[in-house]
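First chain A sits with chain B, and in the next complex the same chain sits with chain C.
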Partner chain A sequence: MGEHLTFIGSVTAQLVRAVPVTLLILAVSGVCATVLATGLTAMSVARSPLPRLIQRTWTFLFRGTPLILQIFMIYYGFAMVPWIRHGLLWAAFRDPVFCTCLAMTCCCSAYIAEIFRGALAAVPRGEIEAGRACGMTGFLLLRRVIAPSLIRIALPSYSNEIIMMTKSTSLASTITVLDITGVAQQVIAHSYRTLDVFCAAAALYLLINATLSTLLTALERRLDVDRAPTPLAPIPPTLEPLS
Partner chain B sequence: MTVPPPVLTATNIRKSFGDREVLAGISLEAREGEVISILGGSGSGKSTFLRCLNLLEVPDEGQIAIGDVQAPLTRNRHGRLEVSDGRAAARLRTQTAMVFQGFNLWPHLTVLQNVMEAPLRVHRRDRDEVLATARSLLERVGMAGFHAAYPKRLSGGQQQRVAIARALATNPKLVLFDEPTSALDPERVREVLALMRSLAEEGRTMIVVTHEMAFARDVSSRVVHLMNGRVESSGPPAHMFGPDASPAFRAFLSPAAL
Partner chain C sequence: MSKTLRGAVLGLAVLLSQETGHATDVAPQDTPRTVVIGTEGAFPPWNITRPDGTLIGFEPDLLQVLCQRANLRCQLVAQDWDGMIGALQAHKIDVIADALQITPARKAVLAFSLPYAITTGVFVTQKDSPLARMANRGLVLDLDASPTPERQTQALSALREELRGKTLGVAISSTYDAFLDKYLADVITVKSYRTMGERDLDLLSGRIDLTLDDTTYLRPLLAAPDAQDLVLVGPELIGGELGAGEGFGLRQDDTALAERLNAAIRSAVEDGTVRRLSLKWFKADATPTLDARPGDAHPGDAHPGAAAGSPQP
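Take a look at the complex of A and B:
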C-alpha cells in the first residue's frame, strides 16, 4: 500500500513536469486559432465571393478530416517534400510541438470561425442599425456595437471549444511530444502500471479543464450585464417611472 | 415672414424589393421646425421610406439632401443607385437621428453610456460636455435616476425615453421616428407621446411614422398619407382631419364607416 502511494506520487511528479508542454500547445494553438478564426469570420461576410469561398473551403477541409491525420500529414508528410526538407522552414517542421500547434490552429480555427459566424448572425440587427443610424462605420461599429454582443453570444460555445482543445493536445504524444499523455505512455512502458498512470494523467487534464472552465465562466458572468456591478451608481431599488 | 430653410429634401424616391415596388416615387421636404406625420396602412412602405432618408436602405431612384448636403448616391455601371462614398454617407447620418419601434438600445452599455456613445465616439466631442448634455437629457426624459441601469432592466416606455435621449444627444438637425409607440403598453404610450410633443414644441424637426392619430392631428405641422408606394394625399392636419380630406385617407382613418 505504501509502495503504491509512493509510485503514484512519483508518477504524478513526472507528469506535472509535462504540464507546461501541454499548456504551451494549448496556449499557442488557442491564440492562433482564435486570431485566424476572426479573419475567417470576416472573410465569411466579405462582399466579394473569393474570401467567402476560401472560408468555406477551409472549414470543409479542416472540419471534415480527423485532427490526427492533419498532425501526421504535417509532421510526417511534409518531411517528404524536398523544398520543405531542405528549405528554411525545416527547423520548424521537424519540431513536433510546432507541427501539433500548426495542425490544431488550422483545425480549431475552422470550428471557432463557425462559432463566431453563428454568433455574428445572432447579433440583433437593430443594435447594428442603431449604430449605423448615428453615423458609426467600419471598425468603430465593430468594436463598440457588434463585438460586445458577438462575444457574449459566442462565449459559451467558445469555452466548450477550448475545453475540447485541451483534450486534443494529447494527440501530440502520437508524434513523440512528451506532453502529459506522452510522459504517461513513457512511464507505462517502464512500469506496466497502466491504470494508475492514466488515472494520474486524467486527473491533471481534469484540473486544467476545471481551471479553464472556472475562468471562462467568471468571464461570462462578468460580461453579463444583469450580474455585473453597476459602474456609476447604485440602481434605485424601484424601477418605476419617476413621473 | 421668411420661410425656414429645408432640413430634408427627398425627391422622387423609388425602391423595390425583388418584383415588389414598395416606394413608387415619393418626394418630401421638411423645413426647420416642421413635424411631419407619415400615416399609412401596414406594409405601405413607411419604414422603408424613413430608412431611405438616412440611407439605411439605398433607394433605387431619387435624391436626398440633408440641409444643403446631397446624399452621395451615384449610379453604378449597371445603372443602379449605390452609396458612392461610405464616409460621406456616415457623415450625413451624423446630422440625423433615428428612434426605432424596438428601441434598439445597446444592451451592453448603461443608460448613460448609451446616450453618450455617439457624441463621444462618432462626433468626438469633449467628454465633460457630452456628460453634461447626457445628464440633462436624461433629466429631461425623466430617466435621470436610471443612468447606471442596463436597458434590459427597464420597461419599454423607459427604454424608448432613453432611446429618445440618445437620439437627441448629438443635437441632430432631423429626428426620424419609426412607430416609436407601437411596441408599448397603452399606459406607456402616453409618456412617450408627451415627450415627443415637448420636442415638437421646442422646434425640433421631426418625421414621425405613427398610428397615433391624436398625435398626428394635434402635434404635427403636416400629415402625409402613404398608399401603394405613393403620397396619396398630404396637408396640414386641419385639412387632413377635416371634411375635405381625400376619400382614401378618410377611409384609412375609419375603415368601419365605409
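Take a look at the complex of A and C:
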C-alpha cells in the first residue's frame, strides 16, 4: 500500500511537469481558433457570396474530418511535401507542438464559428433595430448591441467547446509531444502500470477542466445582466457622439 | 557428418514429418487449451498483416508448429504494441508474440518463454546526415561480454561522442529503453513513437537524426524503394540491457503455459524448424543458443545469433 502511494505520488509529480505543455497547446490554439472563428462568422454574413462559400467550405472540411487525421496530415503529410520540407516553413512544421496547434486551430475554429453564427442569428432583432433607431451603425452597433448579446448567448456552448479542446490536446501525444497524456504513456512504457498512471492523468485533466468551467461559469454569471450580483459599469446618461 | 549437414537432414526430416502431421518428438501434454496470442501485425518480417486481414510472418509460421506440438488451440489477434502488455495483464491475451526481447527490465513484469530467435539492434540514419560516417560499422557489440574488452569500451565511448546532441527515435517501450538510459540518454534526445511506421516517417522527413531497431526489421526496410535515402551505420548491439533474444511474453503466474511452450520451442530449435523459418523470413539464421541439456546436440549451436544480420550466401 505504501509503495503504491509512493508510486502514484511520483507519477503525479512527473505528470504535473507536463501540465504547462498541455496548457500551452490549449492557450495558443484556443486564442487562435477564437480569432479565426470571429473572422469566419463575419464571412458567414457577408454580402458577397465568396466569403460565405469559404466559410461553408472551411466548416465542411474541418468539422467533417477527425481531428487526429488532421494532426497526422499536417505532421506526417506535410513532411512529405518537398517545398515544405526544404523550405523556410520546415522550421515550424518540424515542431510537433506547432503542428498540433495548427490542426486544433483549424478544427476548433470551424466549431466555434458555428457557435458564433448560431448566436448571431439568435440576437434579438428588436435590439438591433433599437440600436439602429438610436442612430448606431457599423462597428458601434456591433460593439454596443450585437457583440454583448452574442457573447451572452454563445458563452455556454463556447465553454463546452473549450472543455472539449482541453481533452483534444491529448492527441498531441500521438505525434511525440510530451503533454500530460504523452508523459503518462512514457511512464506506463517503463512501469507497465496502466490503471494508476491513467487515473493520475485523468485527475489532472479533471482539475484543469474544473478550473476552466468555474472561470467560464463565473464569466457567464457576470455577463448575465438580469441576474448579475454586481451591476456592470453604469450606462452613461447620454449617448456618445455618433461616429 | 558435419553439424550443419546433420542439422539440415534433421530439419528436412521434421519438415516431412510435420507436413504429414506426425510431430512425434513432443507428446501432446494433458488437455488441449485455448490461448489468445497477441501480435502487432506490423513488424515485418516477424508479423505482417495481409490486405485480407490474415497474419503472416516468422511468428505466425512458428506458432503454427509450436501450438500443434504443445497441444494448444491458438488464436492470433493483432493489436498495437503500446497496449499489449496491459492487454496481457488484463487477460485479454495470454501470450505476446511480437519480437519481444527478453530484457531484464521486462522480466520484472512479465514471464518469458525460452528464446525462439536472437537478433541484433542496429542504427539507421539518412545518407546525407553527418552520422552516415559513424565509426565501427558492422562491429557486433556484445554488452554481456564480461569483462568488457577494450575494443568495446572504445566503441561505446565513440558512439557517445558521435551521437552527442542528436535526436534518436524509438518505438515506445522498446527493447532499447534500458540501453539508451544507461549509455546515451544524457547526451541525446530520445523521441518515442507509438508505432515503428510513424517513427520511420519521421526518420525520412529528418525530424529525428537516427533510429535504433532490430536488424531483421530495418534491413528489409532499407531495401524498400521509399527508404533509399537511409543507411545502416555504427555498431550492432546485442546482450546486456538488450536482452537474450526474442521470447514469448507471458503472465508470471501462467507457468503451465510457459512449460508447454518451452518444450515446443526446444524441440523446434533442436530439429531445425526455427532455422528453416528464420532463413525463410530473415534470409539469415536467427536460431538462439538454448542452455544445452546434457547429451543434447542441436544445430543452433553452429549458428550463433549474432550472425543474424549477415545475409546467407
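Observations on the model:
FYI, the second predicted complex is superposed on the first by the 228 of 243 C-alpha atoms of A that agree within 3 Å, B and C clash if a C-alpha of one lies under 4 Å from a C-alpha of the other, contacts with A are read in each partner's own complex, and residues count from 1 in each chain.
Keep this in mind: a contact is a pair of C-beta atoms (placed from the backbone, for glycine too) under 8 Å apart; a residue touches a chain by one contact, two chains touch by 3 or more.
Please read these numbers as outputs of a predicted model, since none were measured by experiment.
In the superposed model, A:28 lies in contact with neither chain B nor chain C.
With both structures placed on the common chain, the touch criterion links A:216 to neither chain B nor chain C. Which of chain B and chain C touches more residues of chain A: that partner is B. By the touch criterion stated above, A:126 is placed in contact with chain B alone, chain C being left untouched.
With both structures placed on the common chain, the touch criterion links A:16 to neither chain B nor chain C.
By the touch criterion stated above, A:42 is placed in contact with neither chain B nor chain C.
In the superposed model, A:54 lies in contact with neither chain B nor chain C.
Within the complex formed with chain C, the residues of chain A that make contact are 76, 79-80, 85, 94, 174-176, 185-186, 188-190, 192, 194. Those residues of chain A lying in contact with chain B across their complex are 124, 126-127, 129-138, 140, 144-145, 148-149, 152, 223, 225-226, 228, 230-236, 239, 241-243. The residues of chain B lying in touch with chain A in their complex are 54, 56, 86-87, 90-91, 93-94, 96-98, 100, 102-108, 110, 112, 117-118, 121-123, 142-150, 152-155, 157-158, 166-167, 170, 191. Per the touch definition, chain C reaches chain A in the complex via residues 82, 85-86, 89, 105, 109-110, 169, 172-173, 177, 191-194, 198, 201-202, 204-207.
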